[in-house]
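Per-chain residue numbering starts at 1, and chain names A, B, C and D are given in the order in which the chains are listed.
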Amino acid sequence: MSSEQLEKLSGLLGGTAKVAYNERSNLIRIEVERGELRNVAVQLRDYGFDHCSSVTVVDYPKEDLMEVVWHLSSYSRSEVSRYTIGLVTSVSRSKPEVASLTDVWESALFLERETHEMFGVNFVGHPDLRPLLLPEELMGTWPLRKDYQLKKKREDVFKKGGASL
Amino acid sequence: MTQEIKTIPFTYEALSQLKMSEGVLELQIGPAHAGSGHMRIVAWVEGDTVVKVDPDIGFVHRGVEKLSEDRIYIKAIPMVERPSLVDTVNANLGYVMALERLLGIEPPPRAQYIRVITAEISRIMSHLYGIAIYGIFMGSSTVFMWAMADREPFIDLLQELTGARITYSHIIPGGVRWDLPKDFAENAEIALKYLENRTKDYEKVWINNPVVVARSMGVGKLSAEGAIRLGVVGPNLRASGVKYDIRKEEPYAAYEEFDFEVPTFKEGDSYSRLLQRVEEIKQSIHIIRQALKRLPDGKIIYEDYYKRMSPLMKKIYDEKGRVKFTLMLTSLSPPKGEAVSRVEGGRGEMFYYLVSDGGKAPYRFRVVTPSFRNLPFFTHVMPGHKLADIPVIYGSIDYFPPEADR
Amino acid sequence: MAEKSQKKSPLSDVKGHIGALSTGFKYLIDPHRITLDYPAEVMELPSNYRGFFRLIDEKCIGCSLCEIVCPSNAIVMTQLPVAQPAQDATRPPPKFKKRPLVDWGMCIFCYFCVDVCPTEAFEPSQVHDISYFKESDYRPTFDAFLKLPESPFKGSKKVVPKVDEKKGIRYEEKVNKN
Amino acid sequence: MMDFLNLIPVTWLPLLESVFYALVFPGFIAILLLAFFIIWFERKAAARVQMRYGPLWVSKRTGGIAQLLADMIRFSFQEFIVPEGADLIPFVFLPGFLLAFSVLPTLFIPIGPYYSHIFPAGYTLLLSVAFTLVIPVYLVVLGWAADNKFSFIGALREAYLLISYEVPFILAIASAFLLYGTLNLVEVVTIQERSLPGIILNPVAALVFLIAVIRATGRVPYDIVEADSELVFGPYVEYSSLMFGFVMGVPYIELYSYSLLFSVLFLGGWAPITGVGFLGGLIIPGIVTFVKAVIVMCALVFLRGVYPRYKLDKAVRAGWSWVFYLALIALLLSAFMSRVL
């Protein structure tokens, strides 16, 4: 991404957002405070990043924080459609709560639902946070977190009368 | 005389507050159903009209992301292929590209060309599989058998190359595992010619078949603006008129050296999605021919890796064109950092996000597959249609449940 | 850009019906059959087909690289006693040797192990259609792992698949010399 | 053979002939053998179009013709499951009714000039059509009795399609009646022998008749009632074992009676060959009508290899629009043609 486009983008987002450019993956990483999240998202959408291609969480138990990452890219604006934006905001592990961006990007609907059931991040304002991939009895175990060991957890599922694997 | 389908409330809130009138029947088009595949489509039907659809997926969820966290990097290659079993080369290519972007290595040109050739053959097979499922969902077992049988020449091609029918695990960080056999070019040309004169039969029996036209034209309409808002991918996006193909927007693996066009349609209904796939098969044939003509010779694994091979491995590589795995490959530990790679699979954009902490196994590995991105078709596009349109829309978006569940 | 043609007129319906029926009839007269009469005719697979493989004991050095690289953890290294020579030679061979054992039920035939082995100790074969009655047979003993399983359909007619312009896949009778 | 006939006291002759008529030739035994052939032909023809072999291993030398026998044996060993919520009496007895009523029309369709000695031939056209109309009613009740959402929807679909396609069907029959001026099918065939076969006199009526037959027996473009990718198997979803075999065989028997009627009405029945007496008047011409009916059945059954499925609301709308107009045209055409005849 040419440097002046980068400057224009970070200038647009105001000083708070930290912008880093990963040249090999055409990835622009934007770290944002939780409060700032919504208006940065709205600015990005108006700038041209019109859909969300992935929502996920990178879990750091040692630093006791979870990074919630929205990956955005653009269908409509062809000069930026080459790049992916990684909109990152960090959340505490004890009470993981973040504003849901489904009203900004409707395509984040099922992605946020899956991230909720896998990590337990509560997306405030999401219209329909039911489990998507996992059965009801696994809600609450947040299987994709680092502290969920695959082997040990299988016995608990057996004890609770879960499906025998 | 296609009657106007009332505009569908696009926002999810409007859908979830839809009041259920008393005469509504809740249909569980469940996992064990001839028209649902490995998922349950819960449809609220009033008379013959679908009022609301809620897809309940996850029946074939393997947990690829969790499994990859305590396995060395190379082990994830066969695992990544399994969910999108019909388009294995693109899935494999996406993961390996993310790994190469972490490691900072580049495969030699010949390996890039072989990747493009196998990826395009895999795209043709994926489109043929999509047409087959579309056919059987609309009731024509002929097109199902034809499309499945027409994959056979391509399966035979890649079987000569890699030794497996579908799960090739052909692409490794830094290049590919086998070189093209000698008569690969002629066989490929024969297979492509066969498919070209088969499209005439498909046109007569399927594409211009009046029952197909009547059944799919105007069904599952999605405007370009709606497609962008719902974030759908692949042929379904292009059939709605959005000209977006990752091979053109963010070219990878030698795609910028070939000239091919990205076909788009305007109507965005099930019929144009079918035509979109046929057009894309023609473009893939065009690409394969160019790639085979201009195939550079040279190594199929990057130089530094070849130097580390033992004399026995070098002998095998020179004689049989087979890449042996050196210790470098089994104990990959890329530097700390993250990488994103996007690949235009047969069904659409495959998204890979790899975070490494310098260890032997990926710290976080995120896969988003095209079928998962096409889920909004169920909730937003199907309501308002007839019950008989559910399999038509389901078949036209080429939804593959194991790929959506990962 | 490839514009889709709108449905023109009922005439195109009639033309469509005739086209569909005539193509169907054409195939009714001379069908391009692609399916094989499986147990009677067996497909001859290419030489690099990834089928069952066996261990060449002399070449194996017990480095357990195959166990490390196997994606489905199908290979397990086992301790095997080494036959001690009668008189104690100057340097008696080690009492135990480590050899891999494969569980065919778990194996996905990706041939990572065959490709990682530094001494080419695995000999591949094209035999793939093997099934056992007992689940335990899927974990062969060490001596069973040294021999290649032969296909149960050795007697049936061998055909070689050839890509064909008109029929897609054409099967040629394989005339076996011996 | 001939002297054997006059051994039987004369008074018994009509009874024996009608029993033979009902049970052996165009009746039950012929239908069973034909069901073997037609189901095998459908699967084999579709297989040939679809680049595969179709049923083969059951009886390899004869190309798998005994497939239906194998299916029947398999069905008879399966357990017949009656769902809890199902309404017992209709659920269990209706398949039998369906089977019986689908065989009945063949009684009233003459296949030889000798027919009038066996049954009064006066209103054969009306009677044979009347019995074919009863079957869909049983189907709707059957779908309702099975207490399953999919079979309920299947039954409703049958009702919709029944009404929208019976009107053009009756109009086609009326135009045939108008064309020939008589309800007696034996006379219809004699008229066709004098002039041209019905399909040339009034092709539009023949087309509408065929479309209605495809809808009534659920052949492929119209297998909307038992659409497997939407309703799994329509009204028959809850059936298993032998009942399922019966219910699956009913459309084929219906197809047989319809195509027998079609060959008599439009293909000139036993036109070229005619004769007198039991053997010459019934068996030989009967075989000609039978072969014409089988050809019509093979043509209708072959559609499975070519077409996908039609949609319910489009099929119903088509039934009331262009199929209905075609039927009216057929009526006008036969009005005109009857002047010429």
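As a convention for this text, a residue touches a chain if its C-beta (ideal position, glycine included) is under 8 Å from a C-beta of that chain, and two chains touch if they have at least 3 such contacts.
Bear in mind the structure is a predicted one, so any value in this text is a computation, not a measurement.
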Excluding subunit B, joined-chain groups are A | C, D
Just to be sure I understand the contacts, which chains border both subunit B and subunit A?
none
Comparing the two chain pairs, does C-D have more C-beta contacts than B-D, or is it the other way round?
B-D
Distance between subunit B and subunit D based on Cα centroids, please, to the nearest Å.
46
Averaging over Cα atoms per chain, report the distance between subunit C and subunit D in Å.
50
Interchain centroid distance [CA atoms averaged], subunit A/subunit C, Å:
41
Roughly how far is subunit B from subunit C, centre to centre by C-alpha average, rounded to an integer in Å?
25
Multi-chain contact residues (two or more partners), subunit D:
49, 51-52, 305-307
Going through subunit A residue by residue, note those that touch at least 2 other chains and give them in order.
none
Using the touch definition from the top, which residues of subunit C touch two or more other chains?
20, 23-24, 27, 34, 168
Can you identify all of the chain pairs that touch?
A-B, B-C, B-D, C-D
For the complex, give me every residue of subunit A touching subunit B.
22, 24-27, 29, 50-54, 56, 58-59, 69, 71, 73, 75-76, 78, 81-84, 86, 102, 105-111, 114, 118, 127-128, 131-135, 143-144, 148, 150
What part of subunit B is in contact with subunit C in the complex they form?
71-72, 74-79, 142, 149-150, 152-153, 156-157, 159-160, 162-164, 167, 169, 177-178, 187, 190-191, 193-194, 197-198, 201, 204-205, 208-210, 213, 217, 261, 263-267, 271-272, 275, 279, 310, 312-313, 316, 322-325, 327, 329-330
List of subunit B residues in touch with subunit D within their complex
1, 25, 27, 29, 33-35, 45, 48, 135-143, 145-146, 149, 205, 209, 211-212, 214-215, 386-391
Quick check on the complex: what are the subunit D residues that touch subunit B?
46, 49-52, 149-150, 153, 220-221, 223-224, 227-230, 232, 304-314, 317
Which residues of subunit C touch subunit B in their complex?
1-4, 7, 12-13, 15-17, 19-20, 22-24, 27, 34, 45-46, 48-50, 65, 68-72, 108-112, 115-116, 118-120, 161, 163-169
